[in-house]
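Going in written order, the chains are labelled A, B, C and D, and every chain counts its residues from 1.
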Amino acid sequence: MVKIVGIGGSLRAESQSQLALNLAALRVRSLGAEVEVLDLRQMNLPFCNGEKEFPDFPDVAKMRKAVAEADGLILATPEYHGSVSGVLKNALDLMSFDQLSDKVTGLISVLGGQSNSNALNDLRVIMRWVHAWVIPEQIAIGQAWKAFDANGNLLDDKLSQRFDEFAKSLVESTQKLRKAA
Amino acid sequence: MVKIVGIGGSLRAESQSQLALNLAALRVRSLGAEVEVLDLRQMNLPFCNGEKEFPDFPDVAKMRKAVAEADGLILATPEYHGSVSGVLKNALDLMSFDQLSDKVTGLISVLGGQSNSNALNDLRVIMRWVHAWVIPEQIAIGQAWKAFDANGNLLDDKLSQRFDEFAKSLVESTQKLRKAA
Amino acid sequence: MVKIVGIGGSLRAESQSQLALNLAALRVRSLGAEVEVLDLRQMNLPFCNGEKEFPDFPDVAKMRKAVAEADGLILATPEYHGSVSGVLKNALDLMSFDQLSDKVTGLISVLGGQSNSNALNDLRVIMRWVHAWVIPEQIAIGQAWKAFDANGNLLDDKLSQRFDEFAKSLVESTQKLRKAA
Amino acid sequence: MVKIVGIGGSLRAESQSQLALNLAALRVRSLGAEVEVLDLRQMNLPFCNGEKEFPDFPDVAKMRKAVAEADGLILATPEYHGSVSGVLKNALDLMSFDQLSDKVTGLISVLGGQSNSNALNDLRVIMRWVHAWVIPEQIAIGQAWKAFDANGNLLDDKLSQRFDEFAKSLVESTQKLRKAA
């Protein structure tokens, strides 16, 4: 069985990218995968300053361990200024090839405005840089403020179906590609 | 006379992107421009959480004010994982169209490995997103650990000349394009 | 007065990117600029094979001359497979720094599906590579099949206004930035 | 056994991207895969004009058939103006999801100047757009004019090793990911 770690790139209390991440996690879990969601709002991470170890911030080691032990990743980012959030990029900067290489990754972005794939494109190249896989299925949710109901469920059936395909591809391709396999 | 603000995206004590930024600032200043360098290592910025105001972090307001009053920007980033550093992206996320639109921007990236323009490309699209100008002249310093001498001067004449062209273009095009002009 | 050359990247008889290009040309002309539209459907260009001269294809020299004498450019591309069309990229490949450097460029893309800025991002980096300027204003027309009426006019007022802003910025910034100025 | 099709994006007689493609093809073949190289210099392809069929250009159908029957692809492009060549992009534009989806793809770029990954980044996003896989291993050959000896062999051992890793990853991941599998 595959292990997937999800990381959300928003610190907003009512973050829609966290909603999207949780939804993707649910779908992935329902396919039998083990899923751990790292909620950066609950963690205390420093800005990356190029140091290797961060003894004052035990959450760095916790995040690194979780990712190192995973087979795959879900990265969900709000699109800020046409790219990945600094919060998520900084979390990635705190890790290295040791944790990130060979992971099979699925990407989600969430925007206030019209749908767009800039943040997803940047993340795709970033994850390649650390020698990870990125699945072709990706999800960009435009006008995210009207995508979810009060319970965090998707209002649009087609989008919901896209999450199903995303989860299925992530689990199946992680099974095929993971290092140990 | 034009006002330029420089922001460096590394928190490392011996940061080469800060060296590169300071060098560019010197060249720009020698052309008669007023230059202020915001050293994020000396500032206390929070992670962007989507809030508009950050009363506990007066450096947010200080950065916003400095950028709002500038005509142009120099952004210098280390290339981490094939893109802009999370530190710099987060600083940009803390600002909005109010501060960033219409600024004339010059971009610098610094890499440990072979020269590459990924971080510069991402920054170019990010700055367009906030409706800023980005000058065609850009500087990517590969193998940065051997680019500077002990006094922070460039060892390569061609690279030094590139800084001159960068500074000249930034000052001249800011004079031509700035909003007030 | 500034001279602008427009190039459209579609060879389709009923091309919507050509409609968009013609519309932008009209708006730019109404601001007093001289505009020449190069319709690649009417021209006979070869595939770029790395040769410098193409004596059998006089349209290469014609295109190069028109672009060399221009101060600014409008590039309009259909978004094929999430990027610029091969037709337009090949036309650019047939030119070099001699023609393209320092041109002030405005970018338009046209898509059948949902709006997206991939082709515009790629073109922005391509034009920087040849040391051209690209204005921050850019236009991506999604679901282009319902954007125009039978006379080639825009059905959406906001989009029409965007063309006005695009034309105004292109003309004004070309006046400010052009080499001769 | 997997079937791989290679397509080179240069029409130059002494093309180094064709050399690189042939070399990659050899390494892939030596791992037991079936490899067919489509040399666009020997084929007669039209510019893509949005038509579905090209009865006057039988090479379109030939290329489509070869790609449709393949499990994986090698795309080798010269980097022109900081992106994929128009020649290669046009060849891709002549195909669609029918041929390109689900293919496992390896990317190579060749530059006259300093190594860079712009063309590879653009190709990565393009291939994702058509729902193909792109392997993390990629090859950018800078200063390609001094990369090969007179027999088309690589002069640099590290680069040669990179071709080995590229070939190994392409064959192994195609075995794991191909649709039929």
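Some notes on this structure:
By definition in this document, a contact is a pair of C-beta atoms (placed from the backbone, for glycine too) under 8 Å apart; a residue touches a chain by one contact, two chains touch by 3 or more.
Since the structure is predicted, the reported quantities are computational estimates derived from the model, not experimental observations.
Of all chains, the one whose Cα centroid sits at the greatest distance from that of chain D is B.
By number of C-beta pairs in contact, A-D leads when A-D and B-D are compared. Note on chain placement: the centre of chain B and the centre of chain D lie 37 Å apart, centres being C-alpha means. Centroids of chain A and chain D (each the mean of its C-alpha atoms) stand 30 Å apart.
Within chain A, the positions touching two or more other chains are listed as 82, 118, 121, 125, 128.
Across the complex, chain A is touched by residues 121, 124-125, 128, 131-136, 138, 173, 176-177, 181 of chain D. Put simply, chain A touches chain B in their complex at residues 10-12, 15, 47-50, 78, 80-93, 118, 122, 125-126, 128-130.
Partner chain A is touched in their complex by these residues of chain C: 82, 114-118, 121, 142.
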